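Shared between the two complexes below is chain A, which pairs with chain B and chain C, respectively.
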Partner chain A sequence: MEENTFKVTIDGIETRVAPGTTILQAARQIGPEVAPPAMCYYKPLEKSGGKCRACLVKVAQGSERDPRPMPKLLASCITQVQDGMVVENYTNEEVVETRKGIVEFLLLNHPLDCPVCDQAGECSLQDFAFKHGTEAQRYEEERRTFEREDIGPHIQLHMNRCILCYRCVHTADQITDGRCHGVMYRGDHAEISTYISKAVDNDFSGNMIDVCPVGALTDKTFRFKNRVWFSKPVDAHRDCDKCHGKVHLWYKGEEVIRVTGRKNQWGEVDEFICNSCRFEHKETKDWVIEGPAKMPRHSVLSANKYRADLVKKPAYALNYAEQNFKKIDDSRPYDKTLSEIKESEDYQALMEKNKSYKLLNK
Partner chain B sequence: MQLTDRSKKTDKTPLTLAEKSYLPGIAKGLGITLKHFFSKKATIRYPEQKRYLGPIFRGHHILKRDEEGRERCTACGLCAVACPAEAISMVAAERVKGEESLYREEKYAASYEINMLRCIFCGLCEEACPKEAVYLRHDKFVPVFTSRDQVIYGKDQLVEDMNERYERDAWTKEEMQKLWAQQKPVNY
Partner chain C sequence: MAESIKILTEHFHQEGIEKLDVYKKHGGYAGLEKALKTMSPEQVVEEVKTSGVRGRGGAGFPMGMKWGFLAKPEGVPRYLVCNGDESEPGTFKDHYLMMKCPHLLIEGMIISSFALGANTSFIYVRGELMYVINILEKAIAEAKAAGYLGKNILGTGFDLELVVQPGGGAYICGEETALLESLEGKRGNPRNKPPFPAVKGLYQCPTVVNNVESIATTPWIMLNGGEAYSKIGIGRSTGTKLISASGHVKNPGVYEIELGLPVEEFIYSDQYLGGIREGHDLKAVVAGGSSVPILPKHLILKTAAGEPRLMSYESLSEGGFASGTMLGSGGFIAMDETTCIVRNTWNFARFYRHESCGQCSPCREGTGWMEKVLYRLEHGKGNERDIDLLVDVAKKIEGNTICPLGDAAAWPVASAIRHFREEFEWHVRHPELAIAPGAVFNKETEAVLN
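What follows is the complex of A and B.
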């Protein structure tokens, strides 16, 4: 087993992974504290990744055999690991600085209409920019603008907000039979579009909404209904002949205002849901409710939702208690008589300590 | 032992004749009282007169309009999520053709309500607003209410009146300090 795995060190943490694993996957195995951010890479979609450059990392040592560092930063989502590779992610100044630049690039044409956008609150670009970007932007030129466009009866395309991650195109390629949605033109002019504005009427086309990291593809039936952080997500399932039927229902009061696929820790929907689950079953009676959905604590989605397993005592308080208070040994019997107590070591030590108090020494 | 510099030795010498008669003491005391009749008063005749509360006083909420009279609020919900008392609620709606002169963005607040029983006037909504729409007025209090149905303020009470626009006296710390410096000191 040992021979078949590669040793990788990411941010000083060693792990062993199977050959052919990408750096990003290896980092995700270690945990979210070293995993590089990803805007275009989407594990369930084949060939995704390598476009947004958000996941750039520094390879400080190529492999055991050839320990030279890689000259440039590498996109970790499409670079496979080699045995003995040493990767620097958050510990490398260059990577952190570059990511600030990447945020700026991604935001070049982004309209920053978050107050209006329905994706706000669950937007990868918001999270990415907040965590890795700078506060200010240097871009002064006109942003490119497009008219809002309807892709089919349920999906709306805001090309202004698109960051050209190609996730939706890969979804269309992979899940829908016969592609009718892709990227037109090149470079700065590139835009996603349905071929000759043909509506996407595949049963699984709604997943483009979930897959889109920004608010470019949004649910038309959910448009301006509610801010995502005011709706209550609930795990639910139903018997569906097309998909597995496991979803999040988003409630506003008694009303189901939208249905989405379940996202994992990395914000990826592992199992796609069909359009009938997503758009046609919006009543509580259609579903079997499993319970409130677990939302990541750092996300605004968990605002005002006080789940006992999500509300942690702050680390500061716990550390303080650990340093300043002794653990009490509660195993002593407590029903001693006063005379016994007076003989005990604890009591005598206490009296010794309090000798200077006059009241006690009367 | 001397505990403070301000302690005074009690004078225990016997009173003189003048002191025994108490008359000069009474005259002196009445003189002090009389002096205060003519000096500047520390109090004002509230509520007819009102004292300036400062440029950053947090009073009545207002939903500002922009220069062209369009509502700035786009119902993004950031004020409501920032609100520690959960006093704010809103319903968004999409602007239709012909309403461009009423609302600035393509989305607007169809209803915007603040529960004044819940509100603690902390000003976090003002701080959170990305559209510079919600402010707490420095010149107006939320009036006292007598029943619970007067407590929830809707858009009719909150949106700015174009005939009577709200202008804050100071926006920056420097401006504010200048204003405070101009204020006459109050002698309490």
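What follows is the complex of A and C.
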């Protein structure tokens, strides 16, 4: 087995992967701590990737045989590993700086209308900007604006929010014959559209909503119904003659307000669902409920909701807790209940400290 | 300099050189006959390697080495594509060559196709040049009638079809993988590399993409040998180069120069540009088409070390980007002291914003951003931090894009600020002076700055 695999070192962590694996996939195999962000790459979509440049990494050593470093940063989602490759991701300052630049570029023409955007809370761009960007923006110019456009009966396109990742284009290419959905014009005036406002007429067109990393393609049956973090996702399935019928149902109270495909750890839907499941079966009786959905990584959805034990606490929080209260092994149940902690002296002292901190900052 | 050597343009002054019989009378198709009848494809590639000729499209990659990289799997066709898209502002040499002497290119195409084992070859010409396409097609028909194209060329058993394809007129389609996409009938977006065209190019088959001028050197190399070619020029910059000169010079036009000619001689000698227009002085030069760094007079005539600057790949890039530039595609734009560098930079940025394909985010958003900031600066609405902002944006685009268009957009801006920073500052501090029609920063206005 050792012979047929390549050795790669990413941020100092060594692993062995099959030949032909991309750097991004190798990093994902190690874990989310070293996985580069991806805004346009989408594993289930052929030919996706290479466009957003969010996943650029430094190859400090090309391979065992040719240890020269690569002169430029490489898009990790499309670059295959070589034996003995050494990759620097979060440990390389140039990469970190470049990513700040990419965040800034992607947000240039983005309207930042998160407060009214349905995607907020499960938006890749939000996560990406929060994790990799800077707080301030230097852009003072006017942003490009477009009219909203309906793409088929179920989908609305907000071109203002689009970051031109081409994921929906690849989806349309994959699910339909011919080219009915694509990019028109060039440069920063490029625009996603359908062929002369023709609808994308396909049983699987709804997946374009799922693949969209931002709120550019929205579900018309869900628009403005609820903030995603107030809705409760559950795993469910049904017998469907078109797709496998495995979905997330999003509840608001008793009501199913949205149906989406199941996203994996990386925010990718592995198996597409059909429009009938997505748009037409919005009652609990249509579905077999499996249980609360695992909501990994995407913070606001997973924060202490259903399976809090799945969420790894950040190291700084654990250190802080260890110094100030007690050592916490990050698993439930705790020795103390929340009310007990709140009554403890340490906690009171901390609260006092916080107060003074807040005052200082005013 | 003594008698200048002409390899490509030697017979261009002859009446009717675009016709086959006139071209043949002046030694045309002799290189082809020699190559096809007496040499094997490997020998042709070897000759080109020996000649050391470098790609004339801008990157300056050795052509023989590029040919050597071509994958040759069994049962898969190979293609040769000639890049005649030439849309770099300031460059118009291929246009001139194809218009003046189409048979030179056709002969070169046949030799190159023979060397690479391609049986269908393409000449991709930008769509605006329809009359050039007509000239080429007429010439191809002539060559076909004379047995230089088609089946069993000159009885050697080598078949070749030559197709002229008009492009849509996009700058980005001059990038080789975007050109291949466009040739396949798709939107001209550059591809992710690897795979490189030498492995998977046109229709996923091994492909070589060469510039018009590079291919046009092959007939001479076949006739006179690669050894003779490599003796022309200087160092690793062998041979001659077509330079399209424009701007504030007395004799603009296309010149064939031997590489290694001093820049000073090129600008001021009567044999070439004849100096700057009467009563004016040289201010800055863009030496290789709009995308290469702009250089002020003192750096283009002499390197930072004080050596005279020569027209060669090495000499022009001496000093890196701090004090050097690139030979690029040979679009030589000279500007005198009436040129406003900020306006010029804005104009270049406008071009790149318009021509960015919009695929990858740094180039798509960055080119637009730079253009907007430069517009403000030029129109007296800039502020001090805009200048550093431009430098930073250029740095964030450079090297982080799919294709070199991002670099091409970033270099002119970064270099203009590097060498003409006081001019940008003048626009910020004295907008009322800067926005006046024809206002230019110079020695007198410098007093105002201080």
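The definition used in the following text is that the second predicted complex is superposed on the first by the 300 of 362 C-alpha atoms of A that agree within 3 Å, B and C clash if a C-alpha of one lies under 4 Å from a C-alpha of the other, contacts with A are read in each partner's own complex, and residues count from 1 in each chain.
One rule holds in what follows: a residue touches a chain if its C-beta (ideal position, glycine included) is under 8 Å from a C-beta of that chain, and two chains touch if they have at least 3 such contacts.
Just so it is clear, the structure is predicted and the values come from calculations on it, not from any experiment.
Asks: Does chain B (first) or chain C (second) touch A:120, or do both, or does neither?
Replies: It touches chain B, and chain C stays clear.
Asks: For the overlaid complexes, name the partner, chain B or chain C, with more touching residues on chain A.
Replies: Ranking chain B and chain C by residues of chain A touched puts C first.
Asks: With both complexes superposed on chain A, which partner does A:85 reach: first (chain B), second (chain C), both or neither?
Replies: Neither partner.
Asks: If you stack the two complexes on chain A, which partner ends up touching A:56: first (chain B), second (chain C), both, or neither?
Replies: second
Asks: Given the touch rule stated above, what does A:151 touch, chain B (first), chain C (second), both, or neither?
Replies: It touches nothing on chain B or chain C.
Asks: Return first, second, both or neither, reflecting whether A:236 touches chain B, chain C, both chains, or no partner chain.
Replies: After superposition on chain A, A:236 lies in contact with neither partner.
Asks: Just to be sure I read the superposition right, which of the two partners does A:183 touch: chain B = first, chain C = second, or both, or neither?
Replies: Second partner only.
Asks: Can you list the residues of chain A that touch chain B in one structure and chain C in the other?
Replies: No residue of chain A touches both chain B and chain C.
Asks: For the complex, give me every residue of chain C touching chain A.
Replies: The touching residues are 170, 172, 187, 192, 353-362, 364-369, 372-373, 376, 389, 396, 399-402.
Asks: Using the touch rule from the top, collect the residues of chain A that touch chain C in their complex.
Replies: My answer: residues 49-54, 56, 72-73, 75, 78, 98, 101-102, 104-106, 108-109, 138-139, 141-142, 163-164, 166, 182-183, 185-190.
Asks: Sort out for me which residues of chain A touch chain B in the complex.
Replies: Residues in contact with chain B: 113-116, 120, 223-227, 229-230, 300, 303-304.
Asks: Flag every residue of chain B that touches chain A in the complex, lowest number first.
Replies: Residues in contact with chain A: 74-78, 80-81, 86, 92-94, 105-107, 130-131.
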